[in-house]
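Scrolling down, you'll hit the structures one after another.
Same chain, two partners: chain A is paired with chain B first, then with chain C.
Up next is the complex of A and B:
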């Protein structure tokens, strides 16, 4: 599906995904993790990828089954290199107000893969796995 | 006193403002901006500002919300004040641990503990 670059549209996607997770019996821990990671990826796409441009859209696809959920989020921006995002957990970055989205995505999902260009991310969460004990 | 639009409920304990976040999901970017604005105004109301943020109703978090809290703490410090967080659910506290922000903020289990720390 394609959504406009608005937080309201992002919330509707999150609600739909959570509904599907619930339908497939995912527990609250998994739902929390997916919601957080999805929110971060959508916010990144809307704010950083598309620059909040109302003429740009975000493509979101998800597939939920009894084993896992797979989500892809793609924006229409120029892309970026995730490897160049500073580590927000090092001392000199701890008190910076931004830069934690990707860290949280990686912490809460079992797989996070960016396309070479960086404007598409695929995330996977196993229903019964625990990543970092989460 | 409740600020419904900013999703805050503010009470006073001595010279401390206890702010209860009334929305269960601090994830919405618009909400985060409203809350941040309201808290910044609160900081400006009393010098030095002493604020306890009560997370008892908060069930979700985002990196933007964490950024808002960091900015708030900076404002409080600029005004020679103190900020405490309290009543954070374990799943939310985990977000602070992953980001190491549990080392930046003073986090307490209860409002009473937070107030006691400000009285020291």
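Up next is the complex of A and C:
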């Protein structure tokens, strides 16, 4: 599905995904993880990728089954290199208001894979894994 | 929001998603504009917060430093506490089990 680059549209997608997770019996730990990773990836797409441009869209696809959820988020921006994002947990970056999204996506999902260009991310969370992607 | 002498207690509820961050940012900006000495964020009923919400809190923290004020957190739920630990923001903010202890 394609959504406009607005926070309200992102919320509707998140709510739909969470409803599917609940329908498939995912627990609260998994639901929190997916909600967080989805929120972070959508924020990156809407704000950083598409620059909050209402004329640009974000493509969100998800597939939920009894084993895992797979989510793909893609924006229309020029992309970026995830490897060049500074580590937000080092002392000198702790007081920076932003830059934690990718850290959280990687910490809470079992798989996070960016396209070579960086404007598409695929995330996987297995239903019965323990918290924080372990 | 409740005022306790020189301190203000802000009670957070439900989910603090990216759409809510601007409201948080505005509330904290107003308090720091007034140089509120101590801002207590009561997270007892907060189920979820994302990095944008955390960023709003950090922005407030940076403003308090201009006048030697501070922000502290109260009783985050386990998932929110894990998030604070994952981001190492437990190094930046004092966390108390109750509002009373935060105000003491």
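We adopt the following convention: the second predicted complex is superposed on the first by the 130 of 134 C-alpha atoms of A that agree within 3 Å, B and C clash if a C-alpha of one lies under 4 Å from a C-alpha of the other, contacts with A are read in each partner's own complex, and residues count from 1 in each chain.
Note that a contact is a pair of C-beta atoms (placed from the backbone, for glycine too) under 8 Å apart; a residue touches a chain by one contact, two chains touch by 3 or more.
Since we're looking at a predicted model, the values are computed, not measured.
Q: Superpose on chain A as described above, then tell me if chain B and chain C fit or clash.
A: clash
Q: Determine, under the contact definition given at the top, whether A:7 touches first (chain B), second (chain C), both, or neither.
A: both
Q: Is A:88 contacted by the first partner chain B, the second partner chain C, both or neither?
A: both
Q: First (chain B), second (chain C), both or neither: which does A:122 touch?
A: neither
Q: Regarding the shared-chain residue A:56, is it in contact with chain B (first), chain C (second), both, or neither?
A: A:56 contacts neither chain B nor chain C.
Q: Looking at the overlay, does A:40 come into contact with chain B only (first), chain C only (second), both, or neither?
A: A:40: touches chain B and chain C.
Q: Taking the superposition as given, does A:103 touch the first partner, chain B, the second, chain C, both, or neither?
A: A:103 contacts both chain B and chain C.
Q: So which bits of chain A does chain B touch that chain C touches too?
A: After superposing on chain A, chain A residues 7, 11, 29, 32, 35-36, 39-40, 43, 47, 88-89, 94-98, 100-101, 103-104, 107, 132 contact both chain B and chain C.
Q: Which bits of chain C are touching chain A when the two form their complex?
A: Residues in contact with chain A: 17-19, 48, 50-52, 54-56, 58-59, 61-62, 79, 82-83, 86-89, 91-92.
Q: Okay, in this complex, where on chain A does chain C touch?
A: Residues of chain A touching chain C: 7-8, 10-11, 14, 28-29, 32, 35-36, 39-40, 42-43, 47, 88-89, 91, 94-98, 100-101, 103-104, 107, 131-132.
Q: Applying the document's contact rule, which stretches of chain B touch chain A when the two form their complex?
A: Result: residues 27-30, 60-64, 66-68, 70-71, 73-74, 91, 94-95, 98-101, 103-104 of chain B touch chain A.
Q: Okay, in this complex, where on chain A does chain B touch?
A: Spelled out, the residues of chain A in touch with chain B are 7, 11, 29, 32, 35-36, 39-40, 43, 47, 88-89, 94-101, 103-104, 107, 132, 134.
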